[in-house]
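The same subunit A turns up in both complexes below, where it pairs with subunit B and then with subunit C.
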Partner chain A sequence: MSLNELWFLLIAILFIGFFVLEGFDFGVGTVSRFLGKDDVERRVYINTIGPFWDANEVWLITAGGAMFAAFPHWYATMFSGFYIPLVFMLLALIIRGVAFEFRSKVENPKWRTTWDWAIFIGSFLPPILWGVVLTNFMTGMPIDGNKEMVGGFLQFLHPFALLGGVMFLLLTVVHGLQFITLRTEGELQERARKLAKKLAPITLIAFLAFLGIGWYTTDIFTQHGNAWILLPVFAWLSLLGASVFNVKRFDKRAFTLTSFSIIFLTASIFIGMFPRVMISTLGAANDLTIFSAASGAYTLKLMSYFSLTLLPFVLGYQIWSYYVFRKRLKKSEHLEY
Partner chain B sequence: MINDNAVYASRVLTELTLSFHIIYATLGVGVPLMIMIAHWVGIKKNDEHYILLARRWTRGFVITVAVGVVTGTAIGLQLSLLWPNFMELAGNVIALPLFMETFAFFFEAIFLGIYLYTWDRFKDQRKHLLLLIPVAIGASFSAVFITMVNAFMNAPQGFDVVNGELVNVNPLVAMFNPAMPTKVAHVVVTAYMTSAFILAAIAAFRLLRGSTHIYHKKALYLMMKIGFVFSIATLLIGDLSGKYLASYQPEKLAAAEWHFETEDYAPLILLGWLDEEENVKYAIEIPYALSMLAHGWPSAEVIGLDQFPKDEIPPLYIHYLFNIMVGIGMLMIVVSFMYWLGIRRRWPFIQTRAFRWLIVAGGPLSMIAIETGWWLAEVGRQPWILRGLMKTAEAATTSEHVDIMLLLFCGLYLILGIGSVVVLSRMFRKNPVERELEERKGAAHT
Partner chain C sequence: MDILELARLQFASTTIFHYFFVPVSIGLVFIIAIMQTMYVVKKQDIYMKMTKFWGTLFLINFAVGIVTGILQEFQFGMNWSTYSRFVGDVFGPSLAIEGLLAFFMESTFIGIWIFGADRLSKRLHLTSIWLVSIGTILSAFWILSANAFMQNPVGYEFADGRAQMNDFVAILTNPHLWVQFPHVLFSAFATGAFLIAGISAWKLIKKQDVAMFKKSFRVAVVVGTIAAFLVMIFGHSQAQLLIKEQPMKLAAAEALWNTSGDPAPFTLVANIDSEEKTNHFEIQIPYMLSLLSYNKFSGQVEGMNQLQEQYEAKYGPGDYIPPVKTVFWSFRIMVFTGTIMFLLALYGWYASRKGILEQKTRYLKLMLFGISLPFIGNTAGWIMTEMGRQPWVVFGMMKTEDAVSPSVTANEVLFSLISFTTIYTILAGVTIYLFVKHIKKTDQKTESNDKVVDPFDKEANNIVTQ
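Moving on, here comes the complex of A and B:
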């Protein structure tokens, strides 16, 4: 495996990790305002992700950093092409991040309501925008021979991309609800199960439609041979299995399967892109690939030594932090967030 | 093709973002060390007050970290959006430290979460203190890696441009550039110094507001001592920074010192005024001092602005920024030294209200020194974004939408600034030290 391939793999893994981890805290952030009937209940929901959300977000920052350092042209083209969604994503993530810290530190109903809305908007927008961006990764963008995006400013917004946005939001919400079932108990847990059950059919339909259109209009799912179509199929089946387990109250299995659904889906998109990193709709000659978009060989080598040394520690400690905070949350307990 | 409006808006937005971020970033780098010291002293002396200091500072620290992280992320994104031509080159040469910074931050975020939640879970407080080490190291290394990139902008190296193509790229050479040692040391040490003086200012303020609790006195004395040590370190590193500038960026030093003509036995100019013909008026002149500062020798030749083309000279107002920064640094050395000595010699005047107010002022003043220092560093590099290679105007975006972004981000910083002040003040007012000490005593007995 060449270093270019290794770094594509690492970036894909970082993004997949980000979508799985931050996916559930987007979901929890989206529903906490509505699922929690009073202030204490909302706090319990927010506290399920309280100690995790920031480290989850670092996966994105690391993925971005790796992209910037290993494939500067990928990063540059992505930023010029998705200027608007990325700015809004940034604003949403900023507001959300401070909202978690600010919300419960001042006892004033107006203050808390304001930040509750900030948490909602900040958690609701990013998955939609990510869905849009991922769909555009699949369909490709009009990239010219100078590795630059041509055409209008809002061209990334087409019906298929919007479907992708909605589908991704629903997926993260269901994923988040399953996470809540793992970290709460009693009434609060039951409510999350019920909502997950209610959302299951529409999520499955949206998911299926997304995969169908993706298969019909792009080459992503079959780029490396027809057998690869199994990946998105597994993604859909995992979600189906998760909804069955949810009804049967096998919460751990349900959460595991929603995680796998996201893993299979995002993995199939990255695999379908490979060895391209940005697909051009103006002809395959203009595609950015892991070679045409890459940094110098020496930079890649240094980065590899550095990351492969540190990555196991970072992963180990993050897993450990989930272990430290494995206890279920009760209303009567001390709530930090 | 340069879009002047876009260049202007990009500069304003970047300056605003950096100026806002640096407040939180400075505290984010410095405060963990202070928490660690307080926690350690508490364990060593078996003193509940110091432990409580660490606990309360940590709670406040979380708020500043949150704002520091999100504004830091904003900078990362803005750099790509506003300075695409700079980032294209940087992505190939100096991306490595930017990437490494995310790892430093990873460690900080993970361990801070655990440290914060596990105060009462450890029988042995020393084990809990261990969790703080990666937090403090992660925080300081974030600053180290980011400052490496800034140093690279001042002294770019580690690549060649042949026919417009980047060749011979060596990220390690780029990272360990001549500006790196003094800049990194200066940034880290001043962050410690400023954080200490801000925490001291808060303690002094509580004492002025009627609290007579020994808790605040302990905090004040500890922070003034630490602040003194780091302000001396700042002085030494500042001197080395001057010598670095004299050798590698003489135009920056000359503009900051209003040193127009290259000469031996150069005097140091303090304050003053420039008339239309660029004659210095009403300034204090210290003979030979600039030669001493630049090369450590009174007869040494110091390069003046006459050696540079007019359009490559930084704005001359940086002279005042320089004077303010150094003035505040000197003041803080004196204040903290007098306080430290005064406590040992039992001088009554350091307990007066006037002296306490001076300490209170020292907190914000130190932050002003940080701000002016960064303005000096950034404006003093103009017109270059990469000294000698790329001008700021050439690096900017040509997009039409920067002014809208500027407004959006202005609003955002306003919300973040007000929000964090409200949260911090409510958080500590709602839960005063006296009450928390009582509660902890009660909890210990049951």
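Moving on, here comes the complex of A and C:
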């Protein structure tokens, strides 16, 4: 495997990690406002992701940094090209991040409601925007000969991309609900299970429609041969399996399968793009590839040493943190920090 | 305004705002880790109370620092895509390693520290706050390795029209990095120290929780004195390095239009005329600039007009003189605040050792206002170093005007500038409100009885709920 391929793989892994991990805390953040009937219940829901959301977000920051280092053109074209969606995403992540911290600091109900809304908007918007971005990765974007994206941001909001946004939101919400079933008990857990059950059909339909249109209009799922179509099919089947396990109260299996659904989906998109990192609709000559977008060999080698040394430690202590907070949360527990 | 001006305004405003919070985080968590260590070693509950009190402020502050930091990383690609393409090879790795090494560590262990108090042993809980502190320090190191490259590019070659890294060791041993990093790090420690000292001083005036705030004050002024002293030392070595690396910045900081005599005098104040390229009025201290630049009472310092000629010969026609007034005055503000901070902290150390601190109400009041000093100094320092580098974004390599994104429109940048300015203004207001609210809270429990409930103890779990 060349270093360019290795770095494409590592960045794909960072994005997959981001979507799986931050995916469930986006989901929890989206539903906590509505699933929790009073302040204490909302606090319990928020605390299910309390110790984790910050570290989950670092997967995105590190993915950004890794793109900057390994594929500067990918980073530059994507971040300047998706300008307006990224402004909205940053605004969402900003209000969400402070809301988790600010919410508990004042007891006034209006104060809490304000930050509950901030958590909702901040958790609801990013998965939609990421769904739109991922869909545009699949369809390609107008990239000119200077590696610049042209044509403004409204072009990203075509119906297929909007479907991608809605589908991705639903997927993270279901994923988040399954996480809640793992971290709570009793009535609070039951409510999440019920909502997941309710949302399962529409999520499955949106997912199927997304895969169908993706298969029909893009080359992503079959880029490297027809057998690769199995990957998005597995993604869909995982979600189906998750909804069955949800009803049967096998919470761990259900959460594992929603995770796999996100992993398979994201992987299938990245594999379909490979060896391109950004597909141009203005001719294949303008595609950014793992070679035309990459840093020099020296940087790639250096970064490989760094990341392959550090990633095991990162994974180790992150897994340990999930082990520390494995116990289910109760309403009677110490909730304010 | 065109896109270049808007993008620069956005970078300046978001970075200055971000940098109100960063040094507070780095400084506070370091001092809090010291306090918690004292708790574990001395086993006195008062140290846990201190850890809790300052920990709350730290967490409010840390949250704002994190969320405003995400924008910083994205901003390079969004507004400065040409820059990102050109130097991504050298600049990107610093950011990626910062994420892998520092951000993962601080974000994971801050979660463990906040929520893990009753799930971990005391030592493990203490370890987690130290790991957060180390994470913030590593983060400062790696982002400064990127900034040091912009000030003094090393370890690269030009290939395929881009700067490509060819010597990582050179980047890590960049002489600029090794004066800038300690200068910035110790100024961050001093910032945290002055915040704690100032708030403690106010509490001591109000006679609230005297025992705890006397101890907090003591820890803070010790850290503050040592840190402020080291800031001056490394600031001085930075000036000496500047005369070799970026003589234009030093000349602008001195408003030195023409090469000085030997020995060179230091200009204390000046009425600068950038149009005529001259100063109408100056107060000077003889020998002082030679001393600052070379550690001896002789030696010439080159002036801006002479440097401009050299640069035109080297880099082609253009204006290579940075905004002189801004650089000159921000340098003076930085040096002035730094010096005052050192003196204030030193006196505080003396007074608290002598046990006469509480009688010195005027000094205590001064310390409350002293909270603003590190913020002014930090901001002035960054303005000096970044404005003094202009017109370059990477010194001698790429000009700022060539670095912006060609595909982004001025309206898009204006939109994001307005959005972020609005949300940052709200954040600033809310943060100050929460700080004041937390600080004003008096601890009823300690005043009514002596038994202190340790909020990190298992038994206290249900007491603190809601």
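In this text, the second predicted complex is superposed on the first by the 334 of 337 C-alpha atoms of A that agree within 3 Å, B and C clash if a C-alpha of one lies under 4 Å from a C-alpha of the other, contacts with A are read in each partner's own complex, and residues count from 1 in each chain.
Just so it is clear, a residue touches a chain if its C-beta (ideal position, glycine included) is under 8 Å from a C-beta of that chain, and two chains touch if they have at least 3 such contacts.
Keep in mind that what you see is a predicted model, and the values were worked out from it rather than measured.
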Clash or fit, subunit B versus subunit C on superposed subunit A: clash
Partner chain in contact with A:Y75 - subunit B first, subunit C second, else both or neither: both
First (subunit B), second (subunit C), both or neither touched by A:N226: neither
First, second, both or neither for A:Q318, with subunit B first and subunit C second: both
Partner, of subunit C and subunit B, that touches more residues belonging to subunit A: C
Partner chain(s) touched by A:V58 [first = subunit B, second = subunit C, both, neither]: both
Partner chain in contact with A:N146 - subunit B first, subunit C second, else both or neither: second
First, second, both or neither for A:V40, with subunit B first and subunit C second: second
Touched partner set for A:G97, first subunit B, second subunit C, both or neither: both
Common ground on subunit A, meaning residues reached by subunit C in one complex and by subunit B in the other: 51-52, 54-55, 58, 61-62, 64-66, 68-69, 72, 75-76, 79-80, 83, 86-87, 90-91, 93-95, 97-98, 100-102, 105-106, 295-296, 298-299, 302-303, 306-307, 310, 314, 317-318, 321, 324-325, 336
Touch list for subunit C against partner subunit A, complex: 59-60, 62-64, 66-68, 70-71, 73-74, 76-79, 81-82, 84-85, 87-93, 95-101, 103-105, 107-112, 114-116, 118-120, 159, 162, 164-166, 168, 405-408, 412, 415-416, 419-420, 423, 427, 430, 434, 437-438, 460-462, 464-466
Of subunit A, residues touching subunit B in the complex: 51-52, 54-55, 58, 61-62, 64-66, 68-69, 72, 75-76, 79-80, 83, 86-87, 90-91, 93-95, 97-98, 100-102, 105-107, 111, 295-296, 298-299, 302-303, 306-307, 310, 314, 317-318, 321, 324-325, 336
Residues of subunit A that touch subunit C when the two form their complex: 40, 47, 50-52, 54-55, 57-58, 60-62, 64-70, 72-73, 75-81, 83-84, 86-87, 90-91, 93-98, 100-102, 105-106, 146-150, 295-296, 298-299, 302-303, 306-307, 310-311, 314, 317-318, 321, 324-325, 327, 332-337
Touching residues on subunit B, where the partner in the complex is subunit A: 62-63, 66-67, 69-71, 73-74, 76-77, 80-81, 84, 87-88, 91-92, 95-96, 98-103, 105-107, 109-111, 113-114, 116-118, 166, 169-172, 399, 401, 405, 408, 412, 415-416, 419-420, 422-423, 426-427, 430
